[in-house]
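There are structures below to look over.
In the two complexes below, chain A is the common chain; its partner is chain B in one and chain C in the other.
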Partner chain A sequence: MRTILTTLGTGRARSLRAALTALLAAAVAVGAPFYFAPFQVFQLTMVLLYAVALAGLNLLVGFGGQISLGHGAFFAAGAYTAAVMLDRYDSAHLATLPVAAAGCFLLGLGFGVPALRLRGLYLALVTLSFAVFLPPLLKRLEPVTGGSMGLTVDKLQPPAWSGLAEDQWMYLVVLAVTAVALLLARNLLRSRVGRALLALRDDESAAEVMGVRLSLHKTLAFAWSAMFAGVAGCLYTWVIGFVSPDSFSFVLSITLLAGLVVGGLASLYGPLLGAAFVMYVPSVAQDVSDAAPGVVFGLLIIAVMFVAPTGLAGLAGRARDAATRRLTRTAPAAGRTPEPAPTTAPAADPAPADAEPVGAPPRTEKE
Partner chain B sequence: MLTVDGISVRFGGITALDGVAFTVEPGTAVGLIGPNGAGKTTLFNCLTRRCTPDAGTVRFDDEDLLALPPHSVAGRGIARTFQNLGLFPRLTVRENVMVGAHSRGRTGHFAAALRLPRVRREERELRDQAEDSLRRLGLADVADHPASGLPFGTLKRVELARALAARPRLLLLDEPVNGLSHGEVDAFADLVRAVREDFDLTLVVVEHHMGFVMGLCGKVVCLDFGRKIAEGPPEEIQRDPAVIEAYLGVAA
Partner chain C sequence: MSAVTEVLQQVVEGIGSGAVYASLALALVLIHRFTGIVNFAQGELAMISTYVAWQLVSSGMSFWLALPVTLAVSFVGGMLVERIVIRPVRNSPELTTVIVTVGLFIFVNAMAGLIWSFTVKDFPQPFPDGGIDLAGVRVDWSTLGIIVVVAVVMGLLYLLFQHTSAGLVMRAAACNPASARLSGIRVGRVLMLGWGLAATVGAVSGVLVAPVLFLEPNMMGGVLIYAFAAATLGGFDSPVGAVVGGVVVGVAETLAGAYVGVIGADLKVGVPLVIILAVLLVRPQGLFGRAAVERA
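Here is the complex of A and B:
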């Protein structure tokens, strides 16, 4: 058992394992629409597009340490960009994607400016105001947005050569966009830029001393995040074929944030888990109680946060830690790092008490 | 290399620094001492642009340091450590060191998102360099550990590694050995001497541990209530009546 673990732990084996896992996941993801019923495929499609929005929000909240209660507004902006282009200009579906992405990126850049001066609850409040303010605005701009009636547009249609059903084609297109989006987010985070974001989340002034330009990274984090939400909105229009102001109330923004926290902040695959939660749990709640699905949904969030305080993505790691702890308790001192001996003569130690962590190796006193 | 001339900082009614002036020659180590509240950290904060003096100038290699935005200071070759640790607690030790090299990196947001070949190359270089410096400072074992919850002495070394990752020419150490045990102080002094040699560093050190300061520095500046009360070689400073008075008080 131990030898297997050590062999798997080596660099090459790890990359091989990662490649195999990725391949398997890709095979499952591509095969799914041919196995499930159309309605289930539609649900999976929705999970994927929510995952894009959550990946964007993760960039801002999980990695950047800023908070946004207004991401529903960027989602709506992306959705309406696509819908208006399809409705008024008869654009091709694929043409709406770059426009929605670029538009929301710029919108995020603009709205990122308050993020420079505000933090915590104040930023949350300002971003919430975007989300509250957008639906009435959409209702007012009736000539363009169709007012409260919304806009009905064509869904994404499969090309004749593919021989696929509508739901299968939509799923595969959304899957492709999601894969690219998640890859972009991952690249961004595993780089100098991602480290800069993490650094300014942990300690802004130290990050600045390291040469991190706070304003640049904070506004761009907002812009990327808005772009991902906008792309998700655009996919939403393709899949649902209908947008109305009431689809994008501020509840959407809060649901997105809740989904992210449940999925796991600052985790690369937390957004996927969070998206599944956001998509499936309300319907499960509906099944459990017709009268008060909201209550069941709320209780389930509390339950998840109780069992997995670091989100669903952290659950595997926590389970592994618990298992190792149990294993090492039964077989102590078997090739592990030595158990720390209690520090002797703490009175001679000028270190502040809180700097001395549990598990520190004994200090070697040299006279 | 560094010329501080007549800088004054006032916080409300308190004058934290009052016309302090001194110079730091290339390759030397200057100790900055003084009782608590003398303005030593404020002076450091001026040098790294965390705080702007009300009067006076700071020149680094004939460039006006006070005209730079705070984030550009690191790129000019000035790095620092913090009095109470300014590590990023949720990042690993290795990531902390790699953030230290931020000012030397060129990767922008778009290149990073697309992971262009030059981004990969830069990332690999930074990782290798971080690996080297972690080994050099005896931190290789804790490289993947978050930079919190480790022994204080180890965290101090992580901070030093992070500061060195910027490849500075001037290194500012703010109380590098406070809270360390005797043995650790000696080890840290040896370490600082060694990296100073290796990286051809100029040092400015704020420290209360007199043995550390006197052993390391060729010149000592003593501050009290924001004023410079003495400047000179360590032996002279130790005998200086004004310094003794500031530290110990005078008999009534």
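Here is the complex of A and C:
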């Protein structure tokens, strides 16, 4: 069994398979708006933009091991940056994206500095209280933000040459931004920065001894992560065309964390699954009762932490591992050839650390 | 009314709300001492206890009979939460336990909405109207009542921890679980007791604050932030600190809301954020806490 798996996973067969999968996924993603009804296309658009926010949160929580209960606030900051620019300065839609990204990056940097001194729990406290504080602040800054009435701005309009409907155009633009953002997140994690983050998450002291600059990387992780949330917020403004303080209560922050955990921490596909979860579970469960989404979310978060710390994204891998273990155990001993495969196969691809869940028990007991 | 009495009036009201924060902060500190985690669901547990009290009172029970019943239910509920939800992740990393308590927060909040709906409910005011006049400063019976109840709870906890053998066992288990286990203490049970006690203390805060805030599933969200600020200010491992921190936060909030024009009534929730940030940057262990020394 293992021989088959390793031959499949080597060399050209592997890269060919990856290329084909990517191509197929891209074709499906681009074709989707021409197949589904406008409302469904809108829902898919929302899934994509939540995925951007979750990918950012994943950098911080999944790979960085820091907890933020306030990412809804960065999302709101991005959304309001775009809305205010569209409302006051009649900017082009595309011009708001870099401003929202840069603004949230700086805001994240500002929060990253106190975050350095705050270990897990305290960072969660500070970010949560920031998320609670932001809506009243937005209401107070009425001349700029429109107070509790919010701001209504133009949605993203398709250019005449494209011949596309509004929902299709928005979907394709958001898809492009999401693809770039997810690629950026993936490449970031495979770079020096990503390896430094993983090292810090697994053991701060050991990483520092090895020369990883703790303060720099922790602050940057927060800033990157805030930037992704800000980009998602900016896309939100483009798609919805309306922002108000009550859309960004701290419930949003908690929902984002919940989606990420259920989708899969420290996984590259987790954010997409989690975003689908954030989008569809409330809309399905809402038919049962107002409270049903919360019940489902709460139970699932706890259940995921108990039985599947890698979330939905890790389930397939875990199931395969379990099946492989069982097969190798029950196979007759003569049929197995001893081989040094385990040293090469897992080491080939360290970045998408699905195999190393955050929720797993620590390997060293602290006393 | 002179300016001084006006300030004193605000201070008295601040102490009143501070007492509520102190009691929820005390619940947070208890759990942090026993299990080393911050329970983000503490406010929601208090909220659901308050719903139990409301249910009892509205089914015709007198308030002062419903209160002990509610506290007993909360105690058992807290123990069950520890056993069912927290125990399985006890040896997991901090991230996991925080996420589990956040999950519990969402779940309990939604369950309350499912059972009792999200409409706001009137909670009976247990204390009589009116108040006393102390040199021009008016102290409502309700404010005084809250302060007295919280003080009694603190006193009882102090007696329990310092002057009973059960308290000694609990302190031992909190101080060094491994050694405690070796000396024959059943640490698991002590942890359950700790969570039960914390839920009870939290329930007191919920019942006290409900007549003012009106009862609804999101009632404790704001209070929880103030309680976090109180616990951070006092130090997360100091019960005395939680009480002092609660009162300081309550007074600071009231004064800032009344006298700092920029803050006003609507931005008061920024006060705990500023307090938490300031404490963590200047003195991370809090006023009464001990700095954690860690051997890597």
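Basically, the second predicted complex is superposed on the first by the 300 of 367 C-alpha atoms of A that agree within 3 Å, B and C clash if a C-alpha of one lies under 4 Å from a C-alpha of the other, contacts with A are read in each partner's own complex, and residues count from 1 in each chain.
Here is the rule we go by: a contact is a pair of C-beta atoms (placed from the backbone, for glycine too) under 8 Å apart; a residue touches a chain by one contact, two chains touch by 3 or more.
Note that the coordinates shown come from a computational prediction; the quantities given were computed from them, not determined experimentally.
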Can A:Arg213 be said to touch chain B (first), chain C (second), both, or neither?
first
Scan A:Pro114 for contacts with chain B and chain C and give back first, second, both or neither.
second
May I ask you to decide whether A:Val295 touches chain B, chain C, both, or neither, giving the answer as first, second, both or neither?
second
With the two structures laid over each other on chain A, which partner does A:Ser205 touch: chain B (first), chain C (second), both, or neither?
both
Touch check for A:Leu128: first (chain B), second (chain C), both, or neither?
second
Touching partner for A:Lys155 - first (chain B), second (chain C), both, neither
neither
Classify the contacts of A:Leu188 with the two partner chains as first (chain B alone), second (chain C alone), both, or neither.
first
Once the shared chain is lined up, is A:Pro136 touching chain B (first), chain C (second), both, or neither of them?
second
Touching chain B and also chain C: which chain A residues?
205, 359, 361, 365, 367
Residue positions on chain A within touch of chain C in the complex are 61, 65, 67, 69, 114, 117-122, 124-126, 128-130, 132-133, 136-137, 139-140, 204-205, 250, 254, 257-258, 261, 289-295, 297-302, 305-306, 309, 358-359, 361-362, 365, 367
In their complex, what parts of chain A are in touch with chain B?
184, 187-188, 190-196, 198-199, 201-203, 205-214, 220, 224, 348-352, 355-357, 359-361, 363-367
Can you check the complex and tell me which residues of chain B touch chain A?
48, 50, 69-75, 79-80, 82, 86-91, 95, 98-100, 102-103, 105, 107-109, 112-115, 119, 122-123, 126, 149-153, 155, 162, 166, 179-184, 186-187
Interface residues, chain C side, partner chain A - complex:
37-38, 40, 85, 88-89, 91-96, 98-100, 102-114, 118, 178, 221-222, 225, 228-229, 232, 266-267, 269-270, 272-273, 276-277, 280-281, 284, 296
